[in-house]
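Note that subunit A is present in both complexes that follow, paired respectively with subunit B and with subunit C.
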Partner chain A sequence: MKAGPSQEEIRRHNLGTLLRHVHIGGSMSRAVLADRMGLNRSTILGLVSELASVGLVREELPRDTGRAGRPSLVVRPESDQVYVLSFDVGVERLTAARIGLGGVFLDRRETRVRPDRRDAGEVTEVLAGFARQMMDTARHGTNCVGVGAAVRGTVRRTDGLVRSASYIDWEDEEFGAGLTRRLDLGLPVAVGNEASLGALAEHLRGAGTGCQDLVYLHGDIGIGGGVITGGQLLGGDCGYGGEIGHMVVNPRGGRRCGCGARGCLEAEAGERALLEAAQRDPSATGREAVRAVIEAADRGDISARAALHDVGDWLGIGVANLVNILNPRTVIFGGTLREVFLGSAAQIRSRINSHALAASRENLRLRVGELGDNGVLIGAAELAFSTILAGPLEALARTTP
Partner chain B sequence: MKAGPSQEEIRRHNLGTLLRHVHIGGSMSRAVLADRMGLNRSTILGLVSELASVGLVREELPRDTGRAGRPSLVVRPESDQVYVLSFDVGVERLTAARIGLGGVFLDRRETRVRPDRRDAGEVTEVLAGFARQMMDTARHGTNCVGVGAAVRGTVRRTDGLVRSASYIDWEDEEFGAGLTRRLDLGLPVAVGNEASLGALAEHLRGAGTGCQDLVYLHGDIGIGGGVITGGQLLGGDCGYGGEIGHMVVNPRGGRRCGCGARGCLEAEAGERALLEAAQRDPSATGREAVRAVIEAADRGDISARAALHDVGDWLGIGVANLVNILNPRTVIFGGTLREVFLGSAAQIRSRINSHALAASRENLRLRVGELGDNGVLIGAAELAFSTILAGPLEALARTTP
Partner chain C sequence: MTATPILQLRGIDKSFGPVQVLHDVAFDVHPGEVTALVGDNGAGKSTLVKCIGGIHPIDGGTYRFEGEQVQVHSPRDAAAMGVEIVYQDLALCDNLDIVQNMFLGREKRRGLVLDDATMEEMAAKTLEGLSVRTVKSIRQQVSSLSGGQRQTVAIAKAVLWNSKVVILDEPTAALGVAQTAQVLELVRRLADNGLAVVLISHNMNDVFAVSDRIAALYLGRMAAQVRTSDVTHSQVVELITSGRSGDLGLAHTNGATA
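Presenting the complex of A and B:
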């Protein structure tokens, strides 16, 4: 337990907090900032001037306000001037984006993954190529202030070591360190689990905005999870928290999971379970195949309906457990689970009602993700922005435009 | 997101932090405090003087240091001067304690609960009687600075409303408000769930000291849970988080739980499940009955061994799920689960090894609670101390000795 901050630390905190307000909330007036931060207007003026002098924000007239009279200036984040690089090592594609302060997509690249591109060195090469292309097209004199990357697996918080990511056969892969070296930008690459980053993104910019306690469930090849509690991403001891897909819901006679155990939520309610239960061609996988099952169920296809019913049952039990353990306000379904939720919401709700405590579920909201495929990239970008938001001037001074 | 603190807030924070250091860590020198708080010695001297002037700490020569030379003074919390009242509405007894700054038990009272003492008004009367007796024996001029109480049920964080506590048939019982009125000390009674408070106690003073991410499992009539993540008690949206006993581990054909669902951890691994599986006389319940099963298993009794094996299986699955979801460093077994863990540790570990992800479990430690029956009282006391630790001078000024 440390003592309170010094004057210098308070100044840094206030600059970072002001920047975070416009980064997340968009352009707003100094009066609004004064109100939200609990500071007087002259202090806000000083902070805005300091951030403007280094090119992090600009004051300008708002776009058409729709109101009569002279409008106040608003403080706008300099999205073209200050950006991060964000990478997503997906199941079917590698994706990269250049994202400006304020969360604006300035550039986006992707490539379908060939089977020979699963080697970490090859993945790193592709991502480094995207980084070079995206930085080459950036305006001269602009600043890259961070790099984030998402992987579907367990990622050690301290150094971005990927402990395990079975879809690409990585084990103890020094992906963060390798990509940092290869990019050579003087910025450490922050690596996170894709569903944890999806949770962060939905919390800051999506279906969980303003909600301090939420759970995000992300479906693609498996089921990933991310937990926000008290406004913070739950990492646990080493950053491996949120592995909701490996919660055992059916230990006796459950289906074999990729992790080696039986009856994991992912094994019972994941993509493969749904497609098998719906008696689909085993070679068809991915989002299109999931959509096809849901559309078939809508049309009355009996095996598709039974499959959705089954999967909804297990998902409902899994969510009920999370409601009992974590008492979230919101549970968000993303990735392919977005479609699965829309197709089996009644079943999921029914299971929650029978398995979650009344008090814990009474204010619960079930939602679908609002950020779609970009959620993971947005979350990785927020990880990358965290340094400049913690100390804007110091972080900017360390970058070379 | 608020601006950084004012000078006045920093001063308050520093006084509270210093007090918390000696409250939790015991007597320590100003040099140690300076080091731990990152402040220089003259600032520490000023803070200590201010706290000493209002009777919250005292400087004195340490007890025998075992070292040669002139020892430094140590700063000691004034345990006799400043105290809280702590209550535990248990299954078999009502317990109360007067606990001094530093966590010292100054007084402790308990009574076995008669069936007619389950009405909230009656419980409140008994606790108020204990409070009066304990305060009457306190030295004149000493200060009661807080009141905390523990209940086995879901408790709303904002106002101590007990949403549900089936063992005493309470539903939406205004216990916190009622006890506050009855005590009439000008101090709001802080009410919490017993296992959450047990978690807090073990985190601050027991088997989880120094550990920022832990899960505490408490067995008595049911199975309660408490989660500490990033050093904070996980409450969730309304404070109902940690209901681990109602995690469903056996949804198909599982045992009926008191909550109405099937296959909850509490139904499969709680006291009743153990005693029934061991074919015990159904009228024998409580800790003695659990101990008898474990002793019988030690002696080779086959049904007792099978019962422990079964219960260990379910506990192991439950803990594996928590490890995957929360990535704790430590899992602590308290109440009757202390004995159950000691009797079935191998089974629990084996299930964790087969159901928890390798990365998530590699640093996991399984421990038994160190605080015994006093853990819940200690946790409720810490809840009660939180006001004075947040702003010592302000909180003290509001009390009348």
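Presenting the complex of A and C:
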């Protein structure tokens, strides 16, 4: 039989939990922390002192002081001191950010990618350049405690191997290992699927805050997906889970998908399908193009209306399946699916209400993403923060120069 | 999803001279939810909310607020309970700035002088609390705002007073797609923060995107009040255009003379 956790393990766990509270919830008083963690005030005092002594948190007067009485101190994450690097390998652009503890954007860079710079080596070079620039502008004595990166493809959990990213033509690309070597920070780069990270971000800081069971659908040429169940990101056996865009909704005579199959949700309801049905150039994808279809439909354009009707149908059918299987509390539409949802909600809801089981759908909330284009970067940053939140002192000791 | 409605109307009748506009209307509004009020042009939606807001006296029926039967004789009575209405025509003053508009007629004073600092702070906090980031300065004249921003200011004005029920009469009717999206998100956020919101709209996508319940008026009668998760688009359209759909709706409708 395994012995119970040691004093040391309990303390590490409590330090991590406290740090997570201020990282996610922002500045809060020791009394609030004691309440949320179910610990007594003297234990909290000890934990706060320990985190403060290594520069992870600081105690200070709250910013906006009430009128009466002496305000109590709040514990604030040291956002300027402790940060991660976050990268987003998009189809059309590469984005990088330096994000401080507490989720504060300290720096952000991006560049459009030319089609000939999709090679993993070239992408790694661009990202390493961003990393250098952003770390050079960071104050002396500050600490980089993690690196996260998002790609639009299937990523092996154990080592960040990108099994396939069809939009940028990658197959079995050792992206995580390569970027780790190139950055040479002594920190392994954590790589994740972009929509899964978007789901994580909305769960922690966006439309899914406080919700333990959610499904996130991300529109961006294709359709990405991320599932949170019981507060955890669903990855499956190797980390490839949550590919909602390749849920088969129309295999008999449906449209051909980039993955090679027919009738995937992405093939039937992605940007290309929408644009083609609306009799527009299907290769001119993007938010403006999607918005133009919805505006045209609003003005009464028949083919734009029919296109939104069809796409809404397929999305509703897809979501109805997910509702029956996962019973999420919230389904979030992000990326360009935000616009599509608002423009075809009647159709989407009608399908869900017709196909999802009554009990599974009765408390279902449909929401749009709140984090916009930064969601993926925020999610990748949260992946990067996970080490320091698991064991703050140990992780920090490993990074201190 | 609360069981007890914050606002509960029963048997509401309202006539303008010889013309009866509302017949025996029942209407429930719940905190934390968006209730969409739908119906054809002239069905009586605006009239119903004006009765709720104390602009029109009701001829008959009961009005309960938080379980208590109340008499609402003026907009001031409604506001005192925490019921705020953003009317179809908005009623913002173009030549005043955002802060002045939000406090119009209810200015804060310190002694005899206006307490500008407090009003500015409250206005800024309210807009921030609603995550409104599109307005550049709260001292901007309302005439310089876009349609969506004007709507946002009108909504912020309604929630400024710790209101419990906010009623929006066609807030997206005059807006483009991007601005509609912003206003809908704001509407949803109000309810997610615990307010009871009533949204009047003719746009079924707006209704299905943000509402928790749908109340359909047909020729001045409440055809049905249903949960949004229980109906389809075509059922709601039928309720609007004929007052019934399958088992839902009015028992006997004899067309235009109902």
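In the analysis below, the second predicted complex is superposed on the first by the 392 of 401 C-alpha atoms of A that agree within 3 Å, B and C clash if a C-alpha of one lies under 4 Å from a C-alpha of the other, contacts with A are read in each partner's own complex, and residues count from 1 in each chain.
The rule is short, and it goes like this: a residue touches a chain if its C-beta (ideal position, glycine included) is under 8 Å from a C-beta of that chain, and two chains touch if they have at least 3 such contacts.
In this text the structure is predicted, and so the values were computed from the model without any measurement.
*Asks:* So, on subunit A, is it clash or fit between subunit B and subunit C?
*Replies:* fit
*Asks:* Looking at the overlay, what does A:341 touch: subunit B (first), subunit C (second), both, or neither?
*Replies:* It touches subunit C, and subunit B stays clear.
*Asks:* If you stack the two complexes on chain A, which partner ends up touching A:17: first (subunit B), second (subunit C), both, or neither?
*Replies:* So A:17 only meets subunit B here.
*Asks:* Applying the document's definition of touch, where does A:354 land relative to subunit B and subunit C: first, second, both, or neither?
*Replies:* So A:354 meets both subunit B and subunit C here.
*Asks:* Contacts for A:243 in the overlay, against subunit B (first) and subunit C (second): which applies, first, second, both or neither?
*Replies:* First partner only, subunit B.
*Asks:* Consider the C-alpha centres of subunit B and subunit C from the C-alpha centre of subunit A, and write down the angle between them to the nearest 10 degrees.
*Replies:* Between the subunit B and subunit C centres, as viewed from subunit A, the angle is 90 degrees.
*Asks:* Please work out whether A:322 is in contact with subunit B alone, subunit C alone, both, or neither, and reply first, second, both or neither.
*Replies:* A:322 contacts subunit B only, not subunit C.
*Asks:* Look at the residues of subunit A and decide whether subunit B or subunit C touches more of them.
*Replies:* Result: the larger residue contact count on subunit A belongs to B.
*Asks:* Touching A:251, do we find subunit B (first), subunit C (second), both, or neither?
*Replies:* So A:251 only meets subunit B here.
*Asks:* Taking the superposition as given, does A:163 touch the first partner, subunit B, the second, subunit C, both, or neither?
*Replies:* first
*Asks:* Classify the contacts of A:154 with the two partner chains as first (subunit B alone), second (subunit C alone), both, or neither.
*Replies:* Touch partner of A:154: subunit B, not subunit C.
*Asks:* With the two structures laid over each other on chain A, which partner does A:45 touch: subunit B (first), subunit C (second), both, or neither?
*Replies:* Neither partner.
*Asks:* Subunit B and subunit C, closest CA-CA distance after overlay, in Å?
*Replies:* In this superposition, no C-alpha atom of subunit B lies closer than 13 Å to one of subunit C.
*Asks:* Common interface residues of subunit A with subunit B and subunit C?
*Replies:* Comparing the two interfaces on subunit A, one with subunit B and one with subunit C, the shared residues are 354, 358, 363.
*Asks:* Tell me, which parts of subunit C touch subunit A in their complex?
*Replies:* Counting only subunit C, the residues touching subunit A are 1, 131, 176-178, 180-181, 184-185, 188, 204-209, 227-234.
*Asks:* Tell me, which parts of subunit B touch subunit A in their complex?
*Replies:* Those in contact with subunit A are residues 1-5, 9-11, 13-14, 17, 20-21, 36-39, 43, 154, 156, 163-164, 212-213, 225, 227, 229-230, 232, 234-244, 246-253, 259-261, 317, 320-322, 324-329, 354-360, 363.
*Asks:* Could you please specify the touching residues of subunit A with respect to subunit C in the complex?
*Replies:* Subunit A reaches subunit C through residues 291, 294-295, 298, 338-339, 341-350, 352-354, 358, 361-364, 366-368, 370.
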